[in-house]
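The two complexes that follow have chain A in common; it is paired with chain B in the first and with chain C in the second.
Up next, the complex of A and B:
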């Protein structure tokens, strides 16, 4: 019996630092969030008044909330499918017994190493009104497109940037999954006369399904929380005309520009719920697809 | 048969063209930024050539005359301390969950599994309030304390220790080492590869983090590099001094790039955080 008790003490003492950090910096904030959603909290004075669901009601009447909702969903809808497909295809190509695949991989991984702030500044320079992309398009098509000042295009620059920097990471995840697919499946497909494209569609894609769940889930969670790039490109405003205002950026604005912690937390809760529901639905849908296919 | 062979060959060529193309696409923005950083501001605003007409170090000079070196130091300090804490605490927790048979282990494991699903933005604002209640706003320790552990790496270490040979540990216990002694003298040295993977990704994560410093740090002399870079860009953007901004961006990438070149194998082959879900 003594050794059992010793094991308990040892187990918890090894876990203690991690549990303490989780308690103070994760659990207490979560509990606090559930409480703050229903209050009007002023950041400066610390004054609190209970207002029930008023924070949520105010958000639903708020055009900026709907703008951030539209932008974030548009962003997720474009970025998640594209980055997943590009990462999968690149991984399959790299895995197809090419020479120098290590060199290719090493180069392709570089955008994932780059901080969002450095990457955003680089893309701002490329798509700036005097930038190389604008000049190139001008030379080829004869139109000058002001990407960053145009409300219809500013968000697409952020989309391109995010695809550019997350594809390499997901590509390496797919690569490790590809290495687990038994060679015999491809041999069997060859005997059936399948070409490379058929093999990819009939063997690679279904076999990678569990990895695809992971990549899509991580992609959804990451994309819904998009903040850094939108903040840097618009200098925190979400402009032009709220076109780069995302959920996270609006949370930041509510908390630190309007000093309304209650409404900011309510929006954070909505974001959390959306992430949870969308991830659940997409995973169900992908799983159903796997069973039928 | 011959047709199939040529088909196969042309397919291979297509694959190479595609891969080389994607590599060029990857490098192009960086290359263009490096070239920009060596141009003069006058040349940049005039548009003009691919290579700098005259190579200028003015951008780099301006960067090093600003608070940039201080921000590099701040980021190095915070990233190093955070990485050390993470390696120690995540490894201890992972080891405990994998190897010590204590009461409530399963419950704690599923609890952590649940916590990892909660998006960080949901807790960011209340976390800020906790930090301010603790008097840590505008202190670098706010960044260190809140990033001291990482549940994903606790899982990774747990996975590693589940497959770790038991007899090594048992031999150490026979020699009379306590559990802590065994952990520090026998287990940790044998977990080098997993710890290296964890370290490079933790270091990179802290080095590249933008939102937390933005929320927690307000004095320019305590800025993290990402925050400082953004401040520099705001300062020089209106004067279109993109040479300065690009010099800053390039410098900010270099330390990670050096680690990437030196410890390449830990970045890629073992970069498989999905191991736990398979």
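Up next, the complex of A and C:
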């Protein structure tokens, strides 16, 4: 009994530093945010007045909230499936015995290593009205497309950029998963007369399910929280015409431009709830727990 | 093993405890010694050097210690969080644009009776740091105004002289249109900026104050102001007005001007250091910003020193601010190349006779200071956001302004 208690103490003492950090920097702020979202808070002076659920009512009445909602969901619905599928297919291709696959892997990994802000600046340079892409399209098709100040296209530039930079990361995750699939499954499939495509669909994809769940979840969380690219591309405004206004960017604007921490925490709570619910649904749908990985 | 675990647990607790007590001690000893903390944003090397030198002169004269803290990015946000954490610097830079928010929150010390010789300041600069009751919360340290820069080399190549440039906005637009036909496709007759920060004075000169007496947005009540905005939209569409970032892919107006991609630009004196250091071959003239609707106008961007209300060293802080905006202002202005906020220093430095700086300095008397109540950030954000729709051709200027007005006023209602 005594030795067990001592072992417990030992365990907790090892955990203590990490637990303290989590407590101070994660749990207490979350609890505080729960508290703040029922108040009108002046961040500068710290003055606050209780207004109940008024912050939520204000948000529902706010066209910018709905714009950020629309943008974020549009972003997630495009980026997550595309990045997952592309990463999986690329991983499968690299896992087959093509020549120089290591070299390809290295080159393709570079975008992930680049910081997202540097990446955004590069994309802004490519896509501005006098940029390489615009001039290229002009020469080939004879139309000038204003990517960055056209509200229908500005978000697409960020989407492309995010897919470009996250695919390599998820690709390596898939690659490691692929190497765990027993060769015997493929042999059995070959004996049954499956071609390469059938093998991919009926062996690789189901076997990768736990990895896919991880990739989709991380993709969802990352996409729902998209901030830096939207911030840089629009200079923090979320423009043109709110087309790059995402949840996180609007939280930032509410807290620091509108000096309204209450509404910002209310929106953060909504974002947290959305991520939780969507992840839960995806978990049920992909049946991540049941697959024998 | 057990022993080891026990020792480790004890050690970790001990380390934690001593770490806490250490930091407490450090905090106390520093507040006993009382250096004045000064928070500034990161700026050009010449300004940083000038600040260090002026602060050093103050330290030498007063025998006090000043600690400069440079906040590189998003100064307002960082400062806001410092206040929220009750850890505000004693003295800090304050833009007049952000001043109403800080004044309303009640976190600034009242300096009405502390700042010396207030009549000597350019009054519009001083007024932007006052609340409605006339109490003063910051002392202006320097300012910038907009003026018209002309690239002489390009202009003469196109067959014009500086004297040909009209002094009024309508004439200038027509001139740009004509000039553009003599330039290559990647060059701009004039660079423009589509934000409210650069155009507020023109709107006011047109007869529209976008911020009403009650602090609400008004973009639609005046046809002349709408026409002014239309002239920008038309100019961009036809290509003789260009936005450096969006239309030319160049980071800043100064860079476009310096690399001979633009003949004219309406910019603040902050471009001067880049023009001098990075593009010394470009020959240029500086003219006053164009008149709009027959009225002189320019935008003034004003920065001051404010003191935190909760400082435990108000006397020292005030003394420092008085030095920096008084006796030390000449040293600061000369080294940094910024414009002095005191009329006496302006005369002493003979800025009104300087061919480049006089166009800027003369604007201080009549310029519109970029500050107009707590709601200006909300109002300008809605304006910038919606005017872009007009530039894209998605909306007419009238529709865009109507939407901007609604967007801003709805948001203001939510904030109240």
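Things worth noting here:
Operating definition for what follows: the second predicted complex is superposed on the first by the 281 of 293 C-alpha atoms of A that agree within 3 Å, B and C clash if a C-alpha of one lies under 4 Å from a C-alpha of the other, contacts with A are read in each partner's own complex, and residues count from 1 in each chain.
Going forward, contacts are C-beta pairs under 8 Å (C-beta built on N, C-alpha and C of every residue); 3 or more make two chains touch, one makes a residue touch a chain.
All values derive from a computational prediction rather than experimental measurement.
In the three-chain model built by superposing on chain A, chain B clashes with chain C. Of the two partner chains placed by the overlay, only chain B lies in contact with A:251; chain C stays clear of it.
In the superposition on chain A, no contact is made by A:49 with either chain B or chain C. Contacts of A:146 after superposition on the shared chain: chain C is touched, whereas chain B is not. Of the two partner chains, both chain B and chain C are touched by A:130.
In the superposition on chain A, A:58 contacts chain C only, with no contact to chain B. Chain A has more of its residues touched by B than by the other of chain B and chain C.
Once chain A of one complex is fitted onto chain A of the other, the partner contacts of A:10 extend to both chain B and chain C.
Shared-chain residue A:242: touches chain C; no touch with chain B. Taken together, the two structures place residues 7, 10, 14, 17, 125, 128, 130, 256 of chain A in contact with chain B in one case and with chain C in the other. Partner chain A is touched in their complex by these residues of chain B: 11-12, 15-16, 18-19, 22-23, 26-27, 29-30, 32-33, 36, 44-45, 47, 88-90, 92-93, 95-97, 100-103, 105, 108, 112, 115, 117-130, 145-146, 148-149, 151, 154, 179, 183, 204, 207-208, 210-211, 214-215, 225-227, 229-230, 233-234, 240, 242, 245-246, 248-250, 252-253, 256-257, 260, 264, 267-268, 271-274, 277-278. Taken in their complex, chain C has these residues touching chain A: 2, 5-6, 8-9, 12, 16, 76-77, 80-81, 83-84, 86, 101-102, 105-107, 186, 245-249, 377-378, 381, 384-386, 388-389, 391-392, 394, 407, 410-411, 414-415. Only residues 7-8, 10-12, 14-15, 17-19, 21-22, 24-26, 28-30, 32-33, 36, 90, 93-94, 96, 98, 104-111, 113-118, 121-126, 128, 130, 132, 135, 164, 168-169, 172-173, 176-177, 180, 196, 210-211, 213-215, 221, 224-225, 227-228, 231-232, 235, 247-248, 251-252, 255-256, 261, 264-265, 268-269, 271-272, 275-276 of chain A touch chain B when the two sit together in their complex.
Listed in rising order, the residues of chain A touching chain C in the complex are 3, 6-7, 9-10, 13-14, 16-17, 20, 42-47, 58, 61-64, 125, 128-131, 146, 148-151, 237-242, 253, 256-260, 263.
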